[in-house]
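Below are two complexes that have subunit A in common, paired first with subunit B and then with subunit C.
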Partner chain A sequence: MPTTETSGRPLGASVKRREDARFLTGRGTFTDDVKLAGTIHAAFVRSPHAHARIRGIDTGAARGHPGVQAVLTGRDLVAGGVQPIPVAWLLPGLKMGEHRVLAPEVVRHVGEAVAMVIADSPAAARDASELVQVDYEVLPAVVATDEAIGSDVRVHDLAPDNVAFEWSIGDAAATDAAFAGAHTVVRQRLINQRLIANAIEPRSALASYTPASEELTLYVTSQNPHVHRLLMAAFVLGIPEHKLRVIAPDVGGGFGSKVFVYPEECAVTFAARSLARPVKWTAERRESFVTDAHGRDHVTDAEMALDADGRILGLRVNTIANLGAYLSLFGPAVPTYLYGTLLSGQYAMPAIHCTVRGVYTNTTPVDAYRGAGRPEACYVVERLMDLAARAMGQDPAALRQRNFIGADRFPYQTPVALMYDSGNYQAAMNRALEMVGYEALRAEQAKLRQEGKYLGIGFSSYIEACGLAPSQVAGALGAQAGLWESATVRVHPTGKVTVFTGSHSHGQGHETTFAQLAADELGIAVDDVEVVHGDTGRVPFGMGTYGSRSGSVGGTAIHMSIQKIAEKGKKIAAHLLEAAPEDMEFTEGKFRVRGSPDRAKAFGEIALAAYLAHSMPAGVEPGLEETSFFDPSNFTFPFGTHIAVVEVDKETGDTSLRRYIAVDDVGNVINPMIVDGQLHGGIAQGAAQALWESAEFDENGQLLTGSLMEYNVPKADQLPMFETDRTVTPSPVNPLGIKGAGEAGAIASPAAVANAVMDALAPFGVTHIDMPLTPARVWQAMQGSPGR
Partner chain B sequence: MSKIRVTVNGVASEHDVEPRMMLVQFLREVLGLTGAHVGCDTSQCGSCTVIVDGVATKSCTMLAVQADGGEVLTIEGLAQNGQLHPLQLAFREEHGLQCGFCTPGMVMAAYELLQHNAAPTEAEIRHGLEGNLCRCTGYHNIVRAVQDGARRMAEGRPAVHTPFSVPAVERTASSTTTAKRG
Partner chain C sequence: MYPADFEYHAPATLDEAVALLSAHKDDAKLLAGGHSLLPMMKLRFAQPRHLVDVRRIPGLSEIRAEADAIAIGARVTHRMVERSELIARRLPMLSEAAAMIGDPAVRNRGTMGGSLAHADPAADLPAVMLALDADLRAVGPKGTRLIPAENFFLSLLTTALEPTEVLSEVRIPLPSVRSGGAYEKRRHPASRFAIVGVAALVELDAKGVVSAARVAVTGLGSKASRATKTEQALVGRKPDEAELDAAARQVADGIELHDDRQGPAAYRAHLATVYATRALRRAVERARAS
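== the complex of A and B ==
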């Protein structure tokens, strides 16, 4: 039954999603929906302390509870050969604290698992988990990012000062010289607060073991099933990789938090093998809050030097990045290569120097969260731009435009390693100014101020490096993985097509967009293309979905396979038409002899011919199926200008987001509807960082915002409609010209909204408040100002 | 164990359930209706929203025994004769969903909203859905979907999209099971 209505070419059309029918009728299959006969259920015993030594664990009462099948502790797992969870990005001199699946001796954050109870039902497992007696010797904890270095508390013995790494990029001497010759210098301490991803689907794992074949199958909430398989099998559990099949069915949001290998899924898989029973665990939200990797958490001292005309001379950035109690999978990469390298923003900056110290604390591990390092960099650059504009009495839009890298300067080499692929920053800014009605809005702002109403206009002109990215470069920088992507395109004898992609959607709609891409290039109907992903038993080794890479890297792998199919099809068609292969062309689903349009074979005819193989050209194998691995030559660099318009209530300090304008350039677009949706969601998450969200710990390491009652995930009535538009500057890095759209909204919006609030508070002399800009913080800032 | 008799999506059945079993567990584990999801433990996210006796209800917060004698409508019961409800269709047309996890609860909450207010303003829609969290869409397209759904319902426009061919199998009127809390 046709599900896709399109007219004209599918590529670039807002094709409605084929995923939607199952989700809208309650027929999605999320991990917790998967049921296997004979399943038993796991519950974890978690540390209530941020830092403690385990003196002993008494599991007797739990073992005796009705329905309990097993109770496992950290020592049991060590005895069973379970190894620590690895880190996938190593920096020079990295001090790596051992991260065990269940803590055998010391717990280092609240919520760390110390034992696992497995019982016939989730309720029995949970009841029995409360009977496990853990004897803790409570140790002092270090929690705050800026208190880790020099603390008496040592999170890991191998890092006496709690510093896991020190990293720097740029030219210190050139930056010093730039500051020495500056007309204006602006400085600010900027706290980029810790966030919690809060995908609405909690993490879940269901593992089963078939003793006869020694095969394990793990259903898990994963953005990258092959990465999970490789790391769990080869590094943690020590089982042959080919004996573990990882299936990530429908995944209910991730935003980075489902990239990483977590203790629970390792423990569940170990238990399923040991007990030869399917074992299932699904997080309760309170567990998600303390165990899903957190994001951001930087304390940064930043300064910018400018000349008398407002041209940037230099940027100096010192950041302390809180890594939490252990290094999560990509924990070391996020505040370094995904952060320091982005500090040139959209601007021609002659000199930049950045140092980052990654520190251990007794808190939940920190890793990539939508944007991952790039929102932190954007916030630093864009807040400093506004502070500079204020200090120099200049318009913030004009100051940005004066410093934009010109459209004629691409590819552009920044002082912090990256080579920007393409861009036209002025065009995006112009469109945003036009959409917001800038001059009229400034006039309205002035008028409202006279009436005691405080409107603010905030800019964020962001750059993003995405399409992660060249494996050779990543390897040279410490990555323990390649960052290519795979695709197999299988043409069936009837001419129908199945695409197997190593990317894995967790809301991005790949089943639709990759079908559009393949259908467009093959000249067939979108409905004639099936997209398969998320199963290591079905798709070639793939790297998964994160870093806004699926379209540009995963899509290009599909494109390459289709090119190979077209080449093979031309040979077969030429043979059947008695023409020379070099005279063939493949357009609109037909293999034609150039110049003789009536001599043609339809795609379906060639597919059948390839499988019949009754008459094949010499040296051409039967079948029509190709696999490709695309490794890009560079990152792609989406960009744009966002403008937030806020109103701050003078009496309460409450900020309302009035308008939000986003002009983004994500290169070529497969499906505009889906790209707009990605932008909307990212903007909401970033605006929420600016105004509402924050993971707050007390001094003992207890998470005070440990449920959705305290942690302010925005609701529908907190956000406006978003006004979006695009400019299109194709990327030269991949043949599709795609840049990537998944993270742009979250990268740009914190700075745009924060800048808007500071603009609103300008009459009060307020230049900076740290996020989240809660009514209490804003109100206090207004009270302390001469403008009151 | 307590015996309950509940009509779910028009089908009445009797079951023995543990008194502490939540309605959402009853739907997911006893009836196998996994459209209602559990996204939190504090009744904030609304992913488990179903209609109980005409009222949008967070089924993670209601005991199964409280639904005894009641009528429950879940997302699985909204499409009729293999055709999407106009509101479901509107969510698809307006791209009101991404990962799809909050979607069943969001659609059911919007469904109840439109029962009381056939032509809500944007502000009324946003207020009406503030018990349901979506992390993917920023709500922009959800609001548009509810507006579009309201129009479609008011116009009595037939749904044109048939997601699955549902064979017309006559169902037995009731069934009886004994269920332990899963």
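== the complex of A and C ==
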């Protein structure tokens, strides 16, 4: 293991990621790398139709193929007692279409699995899967978000109008009144297109069964192995939770898509138990495209009312959210509690009303994707801000500043349920304006327009709610689990430390940041801390990583355990030093008697003493290991202002991203380099949503962008060097003052880039184009304009 | 991910390769860089029973200067073309086209022969070979023949090569003194194939009048093709901006354009004009400077 470089305190230092050495040299252990003796391999037979009734499945030829061990269909799984996949967040009146692991009767999206072939090799399984004959009665499909309601096609019988839920938040009457008294109203239909996460490692599962102890072990690409264990054991497979061990080893990216319990891992686990053999499956990329939960997919009618001074009076939002063919694990929560509650943005809005209808369609299920609801909310608010600025002839930065919630108003209660923890929105905006050189840039823009060059400047002042979540609040809102986090800190007799965290790292760098945190608080070297995560057999419990929660919730649980260790250490040290425990302090790795600097015990001495236990204070147990559960009192609210600078080519409609400035306030920072990296990745994803990415289906539900040859993930040469900076407003919600940084980039950037393009197109009278802002769409908009 | 079963052959000579192709005909596919074939096999769109790997055959990866031509072996990678000082100097159009193929990983593996024999309708090199009037050398059971690029690309993914023939080399005549060439391309943001690519070679006489022009487009139709209307519009004209624009406007003539995910037909036609103008301008500049 290479030595970790630090100078001074580890906390707040850009310590190089300890995990990178193994990743960059190909020594990571991902699920597909795990080899168990006697493993057999699964391949899935998938529906080529978006909607069809299964008349029959002939597995005979597949069973006869050399090397085939078993072929299982939906009926086999039902007969084997496999239950439908549950939903983890319920809404009042939610109509839950049954989601079976293998479709027994009806398939509802292209790619839905209908049978599983298990053979001695992946190639044999794949060959045999082509021999399974499925007799389909093809049914008409409903695909488009805005066509689901009122369609003749019924995705699930229990939802005759394809509406899974109707949800609202805010005050309709107050909002109506606000609009009635408005000076200016801007309205726009906004399409937030469907996206596909495309984690670099495809999903994979390897399950094994020990008949003697009836224990199952599942290696799986999961962002939250304990949640996988709970849901698969208790809900799907009906086995005792303690008989299932879930290990999520190195995981190559998730972006939300690996939070959920998927059919394939359930099927693999069932098969491993039935056949008493290890069974492995790894997705092919084209399977990932049609079976990994997709993101976004909203059609929204939004309107904002303002007074003559440009102060916001009210916001009205009406959204149809496409949920796909089934409710994915958090599908109902994303377009509701993670969306409608964020519609106040950074602004003092007296009245807001939002209704959301979640609809079923014959498409891949939709669930959380980086930002999850918050990018959609930010896009609505920030596009409306720019439309309002345009309509009122005001500068978009000035209009935002006029409406910012003042730094003196925190904690701030919004009209949509949330209480913002802390913020200083003006400071972040000021820094961004300074970095971009706003006045000079506006002058340059005017000059370039004279030359027929179209520069655009786009703002996005975003808010997000992170650090999911106060369990009591989550429970009251329909969550089927608490959302605390746990950590065990084990001090070894040598003074080295192992941190066991329920958070999961799949790119976030926890092995570095959590080690920094522990090392800093214990006054030891970063290299003396090992971080263990992703194994229900080693970590007591955990809720996993999503919603930018690891630092603020997982980190705090570690902090709490360290506090307990410090307290116990003080008692032991006081006993050894013949001092009173209340006179002890723990600083820089030493337990000292306050006022007597020479009377001290090093951390390592106390660790050894705790395990030797030759001389312990009365009532103190031997050993030095503590476990804590942190349940936050509120969400945290990171914020910032991003500015995109684009140039649109009049001739071709091409948009090039010239500059991107991001000033973020994520509270206190453990590792600035890792936070920058999080921002960079998120900005790239969000800019890609604005300009390139889109999951598109034809009217029959076939995914037209089902490969990396068609689906435009961003590439380095399409992006500028990002210019980032931070303001620091600590969160009062957790003792570390951390707000969270994992999603900010993806939340802010679509609106920033879209606003920049509309700004560039202002001379053409173009006020709105839906994302992605492809050259063809931009060119067509310019053709239809008087300014041509 | 897992292609259908196939038998792998690695002949040491061209004759052996031809013999294998003769034995297996349509059941066999040649493998060079594998950057078109292997993805199609992994998706099982292609399921050849026999794979004939040409990578052990010597003499196919050279770039040679001849008296009046440059010969490029079929197994020369795009990266070798991109980095060849000789090609940069004598055939800058080819140099810049090679640099725009895929990404460095693709260019390090993908080959001249593979790209041409695959004949993807949005590939760059077919248009360049048409504009440069290249001859493609095919080695088969009956011996060797030279196929003009003009006659090589028949339709979507279909060439004049017989199933028993190996494409061994392309031979590109050196353009005359007062000539210049350029390649301009709108890349598909995901695949990096050409949404439209225009290769233009313009020759001027002593008075600066266009004496010959060869223009080819890719990405628009089912195969790369010559833009003869554009060529005719240029020859005998002094290539000022208006003449170039007028000629460029005819670049997609004779190609039936359809709406697709990259935009409506009208936009694609517009793009073709824009990129043709850009290619022609630079070609003329180079001709004047030569």
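Of note:
Here is the rule we use: the second predicted complex is superposed on the first by the 786 of 788 C-alpha atoms of A that agree within 3 Å, B and C clash if a C-alpha of one lies under 4 Å from a C-alpha of the other, contacts with A are read in each partner's own complex, and residues count from 1 in each chain.
The rule is short, and it goes like this: a contact is a pair of C-beta atoms (placed from the backbone, for glycine too) under 8 Å apart; a residue touches a chain by one contact, two chains touch by 3 or more.
Note that the structure is a prediction, hence the values are computed from the model and not measured.
Of the two partner chains placed around the shared chain by superposition, subunit C is the only one that A:774 touches, whereas subunit B remains out of contact. Of the two partner chains, subunit B and subunit C are each touched by A:709. Judged by the touch definition given at the top, the superposed model places A:664 against neither subunit B nor subunit C.
By the touch criterion defined above, A:759 lies against neither subunit B nor subunit C after alignment on the C-alpha atoms of chain A. Once chain A of one complex is fitted onto chain A of the other, the partner contacts of A:284 extend to both subunit B and subunit C. Once the two complexes are laid over each other on the shared chain, residue contacts for A:722 go to subunit B alone; subunit C is not touched. Look at A:297: by the touch rule set out above, it reaches neither subunit B nor subunit C. Judged by the number of subunit A residues each one touches, B leads among subunit B and subunit C. When both complexes are overlaid on chain A, the residue A:506 reaches subunit B alone and has no touch with subunit C.
By the touch criterion defined above, A:127 reaches subunit C but does not reach subunit B. Annotation: subunit A residues 122-123, 282, 284-286, 708-709, 713, 715 touch subunit B in one complex and subunit C in the other. Of all residues in subunit B, only 20, 28, 33-42, 44-45, 47, 74-76, 78-79, 84, 88, 91-93, 95, 97-104, 107, 122-123, 125-127, 129-143, 161-165, 180-182 touch subunit A in the complex they form.
Partner subunit C is touched in their complex by these residues of subunit A: 122-123, 126-127, 130, 282, 284-286, 651-653, 692, 696, 704-705, 708-713, 715, 718, 774-777, 779-780. Residues 1-2, 4-5, 42-44, 103, 186, 189-191, 193, 261-264, 267, 270-271, 274 of subunit C are the ones touching subunit A in the complex. If you check the complex, the residues on subunit A that touch subunit B are 1, 3, 14, 16-17, 19-30, 32-33, 121-123, 197-202, 250-253, 255, 282, 284-286, 506-509, 673-674, 676-677, 680-685, 707-709, 713, 715-717, 719, 721-722, 745.
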